[in-house]
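In the two complexes that follow, chain A is the common piece, with chain B as its partner first and chain C second.
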Partner chain A sequence: MKSKIPSFLLNTQPYPKAGGGTVKGSFIDKGIGHISEFYETVFLQWELSQKDGLFQRLNAKTKVLFLVLYLFVVSVKKDVPSEVLTAVFILPFVTMSRVGILAFYWKVFIAGLLFGFIAGVPAVLNVITPGEPVYTILELRRQYDFWIYHVPQTITVTREGILAALMLTARVANSVSITLLVVCTTPFSEVVKALKLFRVPEYFLMILTLSHKYAFIFLKMLRDMHTAKKARLIGSADAAGWIAGRAAYIFKKTQLRCEDVYKAMAGRGFTGEVKLAKMQHTKTVDIMAGAMFLTLWMLLLIL
Partner chain B sequence: METILALKGAAYKYYEKITALNGVSLSIGRGQRIAVIGANGSGKSSLLQVLAGLMFPQSGEVFFEGVPFTEKSFKNAEFLRRFRTAVGYVFQDSDVQLFCPTVYDELVFGPLQIGMDEGEASGRAVEIMRMLDIEALRDRPPYMLSGGEKKKAAIGSVLTMNPEAILLDEPTSGLDPRTQAFLVELLFALNDAGKTIVLSTHDLALVEELQGETVVLSEGHTIERVGSADDILADEEMLLRVNLIHEHFHRHKGPRGTITHLHRHAHGD
Partner chain C sequence: MHIPDGYLSPQTYIPMFVVTGTFWTAALRKLKKRLSVKEIPYLTMASVFSFLIMMFNIPIPGGTTGHAVGAAIVAVLLGPWTAVVAVSVVLIVQALVFGDGGITAIGANCFNMAVVMPFVSYWVFELIRGKSTKVARLSASAFLSGYVGLLASAMAAAVELGIQPLIAAAPDGKPLYAPYPLSITIPAMAIGHMFLVCIVEGMVTMLLLRYFYKHQPKLIYSFKEDY
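And now, the complex of A and B:
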């Protein structure tokens, strides 16, 4: 074997000195960074769902009941104090589920800000929401009318507009906190099974499970390929070309894996009709929690 | 000994071009312990998949309990249920085999597909988890398992169907020594319980440890030789011919008996 080793391998070469400066990270690096974040999120979600908290102890069916009831309350309430009251009702559940209150409400705040407040900002103006002026922003030379729109001569922030924007923000924040509480405290597998409650066909649930799993596996493959490429690369390379090549490779690999997975399913008796295990049985704690959710829900509706 | 699975002149080509099996004839008796060995690409996995009814030979025949079967046979629900219950296949890549949301779901998947009542399937899953020491992994998604844990879950997913013959494709590859030892012990225990064990490997130490009938596949995708583990391992000329050993291969007698391993040494060039 020794005689077959090329001579250059027998010597240590001086490291290449050509070029200099800073090596810039490509957009691929950023993309791969997001893949790693996805992993962390999935692991974190799984960790949270395994904690010994109130919602973690409950059956997915009970949590789906909570989700549906409280999303209904959030959408039917028409004033900001009621939305605030709903948020106050949800807070003890979040605390008792030990999901990390600061991180939890930070996510709720970001979602509320982006999809509620920022999206609702134009509504504070009398251009969108006419009403009692609170603050004048701009004085135009005259009013403008085109198609169905009317732009008044004085652009003001209206009281009704502020309430509408606050209402939207509160609704988004409450909806996100309710959904996030259920998602954070329920493993993905149980979320999928809970979809049975809505009569989603089992083969669709199987496809959902397989897709989730393979998104995971192929993202890992992509991350490993990128790491392997980085380990052999000095400086930047043709990123677009690399992505195109890897996309084709992953497509082929997916196709081959699909065939193998089908064989694995067929080998265990799969004939085209999927039979999945049922959800966990309803326990006393689920019945008690369900009754509590229902009582509080009715209370919220009345208030 | 009653034959459970057999091949007669089976041939298979991938994409009708790449030969995987070239006229292979083989008979597997009920309760036997068989190791199929061969170099990479010699057709070990293909041979096992044909026996497991996952691939079908383009020529030749494959038999289950003395009755020939083809792809069409699996359209018969009774045969399908009988065959899939009797013959279990463990893939080399556990990620292929684990497609359910959790380890528990994996274990009950097979029994549920063959129409077993969920209570019984669940009971079997619990017992298998206890046997494989994976009870703590019950609700964990398979992609969050280590290599050894995945292998245990994959084997468990087949064992819950209580197969009479278990076909394992390179079961010890990529596993740490402790998990390998656990697996070998498990295979012995299953064989002692009357299960037929057929595994493919190119790990000669495993062949020696298993001490079963050994089938050698050549690089021409045919059966080179069938014999006892000791006879096969002693035939160094044949093992060299099928590219399973290097010319510097030696068998050493260790303190606890014979251990087959590669012994590296240099020859003057």
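And now, the complex of A and C:
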């Protein structure tokens, strides 16, 4: 899942200095780095959604239905083998969607490791999850009790604790893979339109779509302001003051743009009634895929 | 503080969607009444502003940087109901584009950061400021509104996570979702936020409010009734 944006445009690393060493970026540069990340993520998603794969051919409604049903099934499963089985069911969809299987599962692995395994590791100890001891880590002189906390004399890894950490890791990894599969194969505006399925008001969906679009415009403005400042200043400036000033400027700009957008909408006959552009038609392939997803979902729910 | 997928049980995330959905409906109704057909562009721009606020990093002790949630300053500048919609839109975009926070946890995350935080921040700001226009008092109100608002939001997240072993454990006691009880989630979230993240939020809120007060006081929602 590598984007085609040239690397020098995405570079947020410190610049090399003549005579060795690097020029350290300021904390403002870090913020600007976030903007590059935003562009890269959105561009990458758009690029993947244009590929000719299974999920890319489907209607956004079918994919959002898949997302909701499978996230639900992942959240109700109560043991690790069921989560592994769900992952096995999802694997062919990922392969057929041509999203770059290695990069895809690398992202899933990192998310599972950070938000599942590492976050769940302390729970393997009997201090947090009491249960059948598997491995003794530490023998204290005595047990300690203070307020509502109890530290036993022997600190062990418990079977229940290991299962809890594994369960959390598997559930996080499965949820991430399902979400990534849908998000990477569907343009954001289509995902938003598909939310109509859940009776989300159209004007709320319009706010979502417009916010996503205008975020680009304002992020570009923010980056330009930073570049202009860097080009004019040598040495340090009152950075906190600059940030406050730019945030205020952005606020004023958003207020002015609000007026412009309203006038443009009113000029085109907007009277308050929102009608989003129609979604793609439901094709035979969507019905077949929907039926398959539903069957597999019921199977997973029963197993 | 974005809760990922897999941490909350259906017994928690489904009711959280219902509760947050009620706030979204109330906020949209209230704003429609106030703004009429201007509602869409106004809320769009409020969301964009909220999104951009999260892009500004500021240095924090220890050599690193952090960014604010921005819900406090948005609530003070635009009003708490606008903040409910604006911050929710940002959180939904973040969950769908960046994977920041889970899809099943959108209800809970929006409740914590787009409902609890704006209202608490706004009330704290109003309570401490009173009718004062002194810069020192305004600065203190702004700092505390960001600080307390974020702390309240973190506590809401801590409770949602901490009740998981109580309400959704296996018969043998094995936790099935977030494995840490309230006795751990509350102090862990409180300490982490009180000494670091809340300070960032407070500072961002204070810096921006001082700037607005100096240059554009009429734009501040909280001050509008004073004029």
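General remarks:
One rule holds for everything that comes next: the second predicted complex is superposed on the first by the 274 of 303 C-alpha atoms of A that agree within 3 Å, B and C clash if a C-alpha of one lies under 4 Å from a C-alpha of the other, contacts with A are read in each partner's own complex, and residues count from 1 in each chain.
Just so it is clear, a residue touches a chain if its C-beta (ideal position, glycine included) is under 8 Å from a C-beta of that chain, and two chains touch if they have at least 3 such contacts.
Everything quoted here is computed from the prediction, not taken from an experiment.
Superimposing the complexes on chain A yields a three-chain arrangement in which chain B and chain C fit side by side. Look at A:74: by the touch rule set out above, it reaches chain C but stays clear of chain B. By the document's definition of touching, of the two partners only chain B reaches A:278; chain C does not.
Touch criterion met: A:222 reaches chain C, while chain B stays clear of it. Within the superposed three-chain arrangement, the count of touched residues of chain A is higher for C, of the candidates chain B and chain C. Residue contacts after overlaying the shared chain place A:46 against chain B, while chain C stays out of touching range. In the superposition on chain A, A:266 makes contact with both chain B and chain C.
When the shared chain is aligned, chain B and chain C each come close enough to touch A:210.
Nearest C-alpha atoms belonging to chain B and chain C sit 9 Å apart in the superposition, given in whole angstrom. Chain A residues in contact with chain B (one complex) as well as with chain C (other complex) are 188, 210, 257, 261, 265-266, 270-271. Chain C contributes residues 4-10, 13, 24, 28, 36-49, 51-53, 55-59, 65, 67, 77, 85, 89-90, 92-93, 96-99, 102-104, 170, 172-181, 183-184, 207-208, 210-212, 215-216, 219 to its touches with chain A in the complex. Across the complex, chain B meets chain A through its residues 49, 52-55, 77, 80-81, 84-85, 88-89, 91, 93, 95-97, 99-102, 104-105, 108-110, 112-114, 118, 121-122, 139-144, 157-158, 161, 266, 269. Residues 27-28, 30-31, 34-35, 38, 41-42, 45, 67-68, 71-72, 74-76, 78, 111, 115-116, 120, 122-123, 128-131, 148-149, 160-161, 163-165, 167-168, 171-172, 174-176, 179-180, 183, 188, 191, 201, 203-204, 206-208, 210-212, 214-215, 218-219, 222, 240-241, 243-248, 250-252, 254-255, 257-259, 261-262, 265-266, 270-272, 274 of chain A are the ones touching chain C in the complex.
Interface residues of chain A, counted against chain B in their complex, comprise 2-3, 43, 46, 50, 187-189, 192-193, 209-210, 213, 216-217, 257, 260-261, 263-271, 275-278.
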